[in-house]
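Paired with chain B in one complex and with chain C in the other, chain A is shared by the two complexes that follow.
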Partner chain A sequence: MTLTAQDLLFYILGGLSLASALGVLLMTNPIYSALCLALTMVSLAGLYASMQAWFVAGVQLIVYAGAVMVLFVMVLMLFDLKSEIKAFSRGAVAGFMKLVAVGLMTGAFLAAIYNSADTLLGTSLAAHVDGTVSTKALAQLLFGKYVFAFEAMGVLLLIIAIGAVALSRIEGGTHADE
Partner chain B sequence: MNHALGISSYLIAAPMLALLAASLVPVMLKVFSGNREPHPFVTTAYGFIAVASALGLAITFLGGSKFGFHKALVSDGLALWASIIVLVSGAFSIFMMHDHVETQSKLFSEKVFLLLGSLIGMLIVVLSNDLIVTFLGIETMSLCLYVLIAMSRETVLSKEAAFKYFVLGSFASAIFLYGIALIYGTAGTTQFPGLMEQVGPLLESRNHLFLIGIIFVVLGFAFKVSVFPFHFWTPDVYQGAPTPVTAFMATAVKAATFVAILRLFQSTGYQHSVPLKEVISWLAALTMLVGNAAAIMQPNFKRMLAYSSVAHSGYLMVGVVAAGFGDSQGVASAAGIVVLFYLLAYSIMTLGSFAFVALLEKSVGQALQVDDVRGLGRTHPVLAGCMAIVLFSLAGVPPLLGFFGKFGLFSLAIEQNFYWLAIWGVLNSVVSVYYYLRPIVLMYMQGDDAPHVEMNKQIMTRFTLFGSAILIIVMGLFSSPILSALKSAILGRS
Partner chain C sequence: MPMNSLIDVGLSHYLALSAALFAIGMLGVLMRRNVIVMMMSIELMLNAVNLTFIAFSRFRDNMDGQAMVFFVMTIAAAEAAVGLALAVTIFKRFREVNIRYFEHLKG
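Up next, the complex of A and B:
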């Protein structure tokens, strides 16, 4: 099996996203964690782009790496980071339990992928289409087959907006009366 | 590609649209009157009108076997009856919210808005024909509840409860979504009818990735209905939430989610996975045991009812096991009938028992103990009598409603050769009699010297308690017409 440029790109971007995702968890400074998260988003966007999913890649960059990350960092600025760092649970037993949980989960997934490889390899992936057509197809799915889910999402966002305002106004909230 | 939606799509969604439009009225009234809170009674009336009109539209337009919005929604007997249960629970919860000391505040119209929003989410869940739509419905329903719990006037326990529920709930949702991704990756569809055809071949060919997807989705559901081992949040959250919200969570959330679980298990293909069958049967058995054993030891009334609701989830899981792993033809429909009947019975009983708790809670943050009901049979004979009926029904004493619910579930389990689950369920019901009868003993046989406890003048909460006691007797006596109505609604679609 020869290694094509496409494969090489996949391994680089995949490795980068894994490493930066680990960084999110392992960095004790929340700002570094947030920056690692941004790197994860960017490398994921690269993976999407390498699969010719231009629209998803663009949205990933603009919405997640852009807007959401700025929000994260701004919220982090408002917190007292010293006490946040202290709030981490450290300890041999807790660490052991975390490792066991992660190990079990990883093992279950590796076993599942290994066992289903035969059936998965047989299925053909959807044919690649060029960027503009795939964006159009996405729009048709979003406003056609999945229009109800799309509209339900709107209702969900409305409820969250009103709920967030209401929460800030409860007794003891940041915008309480009197 | 034709994207036009027929009028039937909108008719199926009519109850949700009515709820959405009506839920905005109290909030808009508040905005346009210079942020002045409308009279709570006006808000309650708007809430009731919203639920009543949604109920009317649901009864008119749901049922049969119709699809809407490119098969994102399905309108069948299951959806119709589940909508009725959910909406009735919502109406009674609004009544109780109007009366209760922890929900009365300057933000009452927002609370009613959130409760109606939660009802929209539940209708989405019960009508959903697609795992993605189910996920959105569950999120809508849960997000409203997180905020509703946090908005209690009690300041410590309710905040802890809201945060605990929010963090654990988000985690469960993430796992649920991961499961959907794995299912879509292996089965190629998230719509229930197509998915149910794929279950058999995929499990037979030992596609473990699909199996993990199903397990993750079941796990997400199990969290919402507090099935062991995902029940640990239940007592804390039920205790910390204001009692009317607890009543709503214990009834409507459970009803909506169990309907979604039934839709996932409407296939005979699950036969091919023995481990899945074993695991889900054991989850049912352990949920019953853990709920009942913990409830016996609880001195706090709301925590006792919380553990009792865990135990009832265990009984309901027996129905799910029969639906997914029974081997006779049409077992899923039969399970749908008994599970819906049980949910109906359980919702009425639970609303009554939480109404009783609400009547005894006087101050914000008061932890009502089981011992506090001593002597109520002498001082408040009518209310104590109603509560005794509710408790007898929860324990499953014939000829009350609760008995027929359990009878239906366990006889279905026996028909499908799950003898050990049925016997286990009956044994657990016997254990549960102990903690359900303890308040009755305390009310009637002790506390001759107990001081006269002044009950709250909560007219609507009293009405809820009376109503549930009367419904328990009447529907218990006339359970066969209700069962046959359920049967014709559910079997009519196939």
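Up next, the complex of A and C:
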């Protein structure tokens, strides 16, 4: 039972991702929320890399921390939002109920994880996975076993691109009849 | 996850971290009023699921989890694009992106 480098990395990156996720929740200025979310994405990419999922870590950095976050920040800058006065929903009772609901759900998750710890031990781990080999195996999965799902994703992205353009060009916005 | 293995990081630790991230994302969706922040919280929940996939992929030595992460990422990007387009159209009319303006959308 020694603290290896990967264990240390887990606690540092995990703590960082939890702290920045709380930042997304608690910051009243949306642009700070977006920056906290970017930090969460980057620390999760570090966690993926520490679990030897090299290609997914790279894609996480490029797609999430890059493209998706740029989309969010760009739209926020378009809106020019200031710090919000009523950032959180009203109602003390409703807020308490929401907290209780999320707490119960998390408790159920943690209890399930705790109780199944013995059956979830997993196989013996390779200390170091060759990135070239694992990326090749991933590509063979994506273009072999999951090739139809992969092509369907391409069609979905095309539909989404057309839909997003059509949506932002509706005459009179989304409330045309008012 | 017995207490004496607190420094011996295994699958359970990653799953617990993922559950905590998911809970924070869910709280964000429930508590915040700004549509864009709510969508960021949804991204957070999707990322928590991705962490679960990668952890299982690593500790069960099975690459299928990593393939699933790609599909989740694609769906997340698509959802962000459509959601932000909706937010832009809402903002054009109301000059604000509060969730209450989504109550009576017209197509």
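Quick note on the criterion: the second predicted complex is superposed on the first by the 153 of 178 C-alpha atoms of A that agree within 3 Å, B and C clash if a C-alpha of one lies under 4 Å from a C-alpha of the other, contacts with A are read in each partner's own complex, and residues count from 1 in each chain.
Convention: a contact is a pair of C-beta atoms (placed from the backbone, for glycine too) under 8 Å apart; a residue touches a chain by one contact, two chains touch by 3 or more.
The structure presented is a predicted model; accordingly, all values stated were derived computationally and were not measured.
Looking at the shared chain after the overlay, A:113 reaches both chain B and chain C.
Once the two complexes are laid over each other on the shared chain, residue contacts for A:24 go to chain C alone; chain B is not touched. Touch criterion met: A:143 reaches chain B, while chain C stays clear of it. Judged by the touch definition given at the top, the superposed model places A:56 against chain C, while chain B stays out of reach.
By the document's definition of touching, neither partner reaches A:43: not chain B, not chain C. Contact with chain C, but none with chain B, is seen for A:67 once the two complexes are overlaid on the shared chain.
In the superposition on chain A, contact is made by A:34 with chain C only, not with chain B. Among chain B and chain C, the chain that touches a larger number of residues in chain A is C.
Contacts of A:162 after superposition: chain B is touched, whereas chain C is not reached.
In the three-chain superposition model, chain A touches both chain B and chain C at residues 109, 113, 120, 123, 145-146, 149, 153, 156, 160, 163-165, 167, 170, 177. Residues 108-109, 111-113, 115-116, 118-120, 123, 140, 143-149, 152-153, 155-156, 159-160, 162-167, 169-172, 177 of chain A touch chain B in their complex.
Only residues 1-3, 6-7, 10-11, 14, 17-18, 21-22, 24-25, 30, 33-34, 37, 40-41, 44, 47-48, 51-53, 55-56, 59-60, 63-64, 67-68, 71-72, 75-76, 78-79, 81, 84, 86-89, 95, 98-99, 101-103, 105-106, 109-110, 113-114, 117, 120-123, 125-126, 134, 137-138, 141-142, 145-146, 149, 153, 156-157, 160-161, 163-165, 167-168, 170, 173-178 of chain A touch chain C when the two sit together in their complex. Interface of chain C with chain A (complex): residues 1-2, 4-5, 7-17, 19-28, 30-34, 36-37, 39-41, 43-44, 47, 50-51, 54-55, 57-61, 63-64, 66-67, 69-71, 73-78, 80-82, 84-93, 97, 101, 104-107. Within the complex formed with chain A, the residues of chain B that make contact are 1, 3, 5, 13, 20, 27, 68-70, 72-73, 105-107, 110-111, 113-114, 117, 120-121, 124, 130, 132-133, 136-137, 139-140, 143-144, 147, 150-151, 153, 155, 186, 188, 202, 205-212.
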